[in-house]
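Next come two complexes, and both contain subunit A; in the first it sits with subunit B, in the second with subunit C.
The block that comes next holds the complex of A and B.
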C-alpha cells in the first residue's frame, strides 16, 4: 500500500471573474518528494500556490494536508499546520538589516509550537538560519540593510524566512528567477540539504535545466489545467507539453 | 562642477553606539540629552507658566496623546481620521460614571481608559479587513454617527450634555497627571515599537502578506494595536472631562480627529516624539493667533502649509538628523 499523501488536491478550480485560472486540478504529493511545477507564463502556477496556501479561496475543489481539509482556511492557519512558501517577488523590509527581517517569521506561533512554548533569542536564531542559507557569519552581510543586498542574497533571505518556520511542506515560487548560474549553483545544495532533512518541496520554476536535476516528479500546467505529469524525461516527451511550450506546429 | 550633499554620522554617534557609550560623560550626555530634554522641559514649564498657559499645556498634552495614538495606528497600517471616537468615548464614559454613579475621577479615569479602549476596538474590529481609505472613512463616520445618536435619542443629556462633574483634587494634580501620562506613553511606545512586537506591527504596514505568511494572524495584531491606541485616546477624553467638568457632543468634534493628524505630520510620523513636538507647536500657535479673530484660521493654515513644504519629513526627523549627522558639500567627479 502506498503511504497516504502529505498533500492532496482534488478537483480544484478558480476563476477570477471570467478567467479560468485553475481548472479541475488534481494532484498528490507524498512525504519527502520534490515536485516541480512548470508551465508557460500565465498557466496558473502561482495561483495554484496561492490556493494551497490560502491567499486565494478556491471556487471549487478540495485541498487536504495530512488528511485534514484545509480548503478555504486563512493563510496564517495553514502556515501553522506546516506549509510555508516563498514569494516570487521578494519584498523584504528594506530599511532593516537582513537578520532583523528574520524576526517576523521567528515571531510566528509555529516557531513557538516547535520550540515548546519558548521563542528564545530571536536575534541569535536569525543569524544561525541566515548562515544556513549562505550569509557568511564573519562577512557582516547579515547586518547589512536589506536594501543594500544583491538579488541573490534577497532570495536566500526569502528562503531562510520559510526555513525559519520549520515547515513540513515548502513551496518555493521561482526561487531561481533573476539569479546567475553561479548563484543558482550555490542555492541548490541548500535545497538538497532540506530534502535530506525530510522536507517535502514544491518548486515552481522556469529554469528547467536546474529544476530537472533535483526534482523527483514534474507537473506541467497550461491554461490552468494539468497537461502532463511524470519524470522530467516523460513530461518533455509529451506532445501536449511540446505544444504548450513551442506552439502548435511542434 | 556638480556638487552633492554628503551626510556623515558624527563621530560621537559612532562612539556612543555600544558599550563604549560609558567611555566618558560627553558620550553619556550625548545619549541622554534627547531623553532628558522632554522630561526636564515639561517639569520646568509646569512651574514657569502662568495659570492660563498651564491650561494650554493641558490641552497641548491631550492633543499630543491623541497624535501619538494616531501615530501608532498609522505605523500599523491603519490611517485613522477619527481620533474623536476614542476621545469622545473616553470622555462620555468618564462623565457617565461620575454623573450617574457618583464615582470619583480616580476611578472613572482608569476605567474609562480601559473600557473606552475596549469599546472603540469593538467598534472598529469589524472593519479591520478594510484597507487604506476605506478604513479611514469608517473611522471618520463613526464619531459623527454617535453625535447624531446622542442628539436624536437624547441619552446622556442629549444636546445639553452632562455638566457639574467632579474636578480633580488640584491644579497641580491635573498638570502632573497628564505630564506623567504623556511621558509614559511617549517612552513606552518608542520602546514598544523597537521591540520584536513592534517590528511585527510595522511589518503589517509594510507588507502584510509577508507577515501572514509567517503564520501570524495580522488581524489579532491590528486589534492589539487598535486597543493600545484607543486606550490612549480614551484616557485623553476622560481626563478632559474632569478638566472641563462637562461632557457633551463637542467631544466628538472633528477638531479632535484632524489636529492630532496635523501635529503628527508637522512633527514627523513614525517617531511619537514628532507627534509630541507637533502638538507643542500647533496648539500654542492656535492660542497665540486667537487675538486675530476670524483671520486666525487663515494664518494657522499658512503656517501648516509652510511647515509641511519646508520640512516635509517632519520637524523631529530634521532635528534628529542634525543631531546625529554632519552635512557637507562634496564635488561630484565626472
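The block that comes next holds the complex of A and C.
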C-alpha cells in the first residue's frame, strides 16, 4: 500500500478578477520527497504557493496536509501545522540584526509545540542555524542589520528562518534566483542535508539545471494548469513543456 | 522667570510624551491611526473617577480597574470594528473618529460636565527646585512619563511579545509566514495604546478637571507629536514632544495663552512642508515625492 500523501491538492482554482491564475490543479506530495515546481513566468507557481500557505484563498478546490483539510486557513495556522515558506522577493525584518530575525521564528508557537516551551538559549540557537546556512561566525555577519546584508546572505537568512520553524514541509520560492553559481553550489548541500533529515520540500525554480540534480519529481505549470509531471527527463521530453518554454510546436 | 519656563516646559513636554505614546504605539505596530484616542483618554479618566467617587473603591484599585477596562475597550474596538476594515486607511480613520465622537457625546449626554469631575492628586504637596516651586503631581508626571517610555522600549526590545510587535510593524507578511497571528498582535497594540491613554489621563488630569472637550485637544496634540516626530517612531515622539512642549510653554510665557493651540498646528504644517515623513520618519525622500 502506498503511503498517505503528506500534502494533497485537489481541483484547486484561483481567479483574480477575470484572470484564471490557477486552474483545476491537482497534485500530491509524499513525505521525504523533493518536488520541483517549474514553469514560465506568470504560469502560477507563486500563486500555487500562496494558496498552499494561506496567503491567498482559493476560488475552488481542496488542500489537505496530513489528511487535515487546510483550505482557506490563515497563514499563521498553516505554519503552526508544519508548513514553512520562503519568499521569492526576500522578506527579512530589515531593521533587525540577522540573528534577531531568527529569534522570532525560534519563539514561534510552532517551536513551542515542538519543544514543549523549553526554548533553551535562543541567541545561541539562532547563531548556530545561521552558521549552518553559511553565515561565517568569525565575520560577525549575523550581528549586522538585515538591511546591510547583500542578496546572497538575505537568501540564506530566508532559508534559515524557514528551517528555524522546524517544519515538516518547506516551500522554497526561487531560492536560487539572484545568486551566483558559487552561491547556489554552496546552498545545494544545505538542501540535501535537509532531505537527509527527512524534510519534505517543494522548490520553485527557474535554475533548472541545479534543480534537476536534486529533485525527485517535477511538476510543470503553464497558464495556471499542470501540463506535465514526472522525472526531470520525462518532463523535458514533453511536447507541452517544450512548447511552453520555447513557444514553438514540438 | 526663565528657570520657571524651563522647568514647566520640561513637564509640559513629558505630558505630551505621555499623551502621544499610546497613539504612536498603536500606529507603529498595527498601522491603525486611532482617531478615537482622545475619547479613550477621557474614558480612562471617567472610569477612574466613577470607581473612586461613585463606587467608593480605594484610589489605587480604581486606577487599576480603569486602566484594565480601557484596555479591554480598545481590544473590543479592534475585534468588532477595526478587524473588518484593517488596511483601508480612510475607513479606519472614519470609523475611529466616529467612535471617538460618539463616545465623547455620550459622556456629555450622561452628564459628565462640571468641575466636580476631577481626580485627586497622588500627594498634595510641592517642592523647590532651585528657585522654582513645583507640585508633586508634576514630579509624578515626569517620573511616570520616563518609566512608561522606558517600559515601552524594554517591552519591544526584550520580550517575546515585544519582538512580535516589532516584527509585524516591519513586515506583516513575513510575520504571518513565521506563525505570528498578526491580527491578535494588532489587537494587543490597540489595547496597549488604550491602556497608555488611560494611564496618561489618570496621571495628567489631577492637574485640572476632567473636561470631555479635552478629548479633541488630546487627539490633536497626539497627532501633532506623532506627525512631527515621524509616525511610529518612539524617539521621534520624545523629540517632537520637547519641541512642541517647549514651544507651547514659551508661547504662554512670552506671548499669550490663547496662541497655545496654534503651536501643534504650526508644527504639523512646518514638518509637512520641510520633511513630510517627520523628524525620525522612515520613508525615503524619494517616496515622499511620489
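One rule holds in what follows: the second predicted complex is superposed on the first by the 248 of 250 C-alpha atoms of A that agree within 3 Å, B and C clash if a C-alpha of one lies under 4 Å from a C-alpha of the other, contacts with A are read in each partner's own complex, and residues count from 1 in each chain.
Keep in mind that, in the parts below, contacts are C-beta pairs under 8 Å (C-beta built on N, C-alpha and C of every residue); 3 or more make two chains touch, one makes a residue touch a chain.
Quick caveat, the model's predicted, so the values are computed rather than measured.
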| item | value |
| --- | --- |
| Subunit A as common anchor, with subunit B and subunit C clashing or fitting | clash |
| Which superposed partner A:109 touches (first subunit B, second subunit C, both, neither) | both |
| Contacts of A:221 with subunit B and subunit C, given as first, second, both or neither | neither |
| Which superposed partner A:53 touches (first subunit B, second subunit C, both, neither) | both |
| Which superposed partner A:79 touches (first subunit B, second subunit C, both, neither) | both |
| Contact residues of subunit A, present in both the subunit B and the subunit C interface | 53, 55, 74-76, 79-80, 84-85, 87, 91, 93, 96, 100, 103-105, 107-110, 161, 165 |
| Subunit B residues touching subunit A - in the complex, by the definition given at the top | 196-197, 199-200, 202-203, 206-207, 209-218 |
| Contact footprint of subunit B on subunit A as seen in their complex | 53, 55, 74-77, 79-80, 84-85, 87, 91, 93, 96, 100, 103-105, 107-110, 122, 161, 164-165 |
| Residue ranges of subunit A in contact with subunit C within the complex | 53, 55, 74-76, 79-80, 84-85, 87, 91-96, 100, 103-105, 107-110, 161, 165 |
| List of subunit C residues in touch with subunit A within their complex | 160, 163-164, 166-167, 170-171, 173-182 |
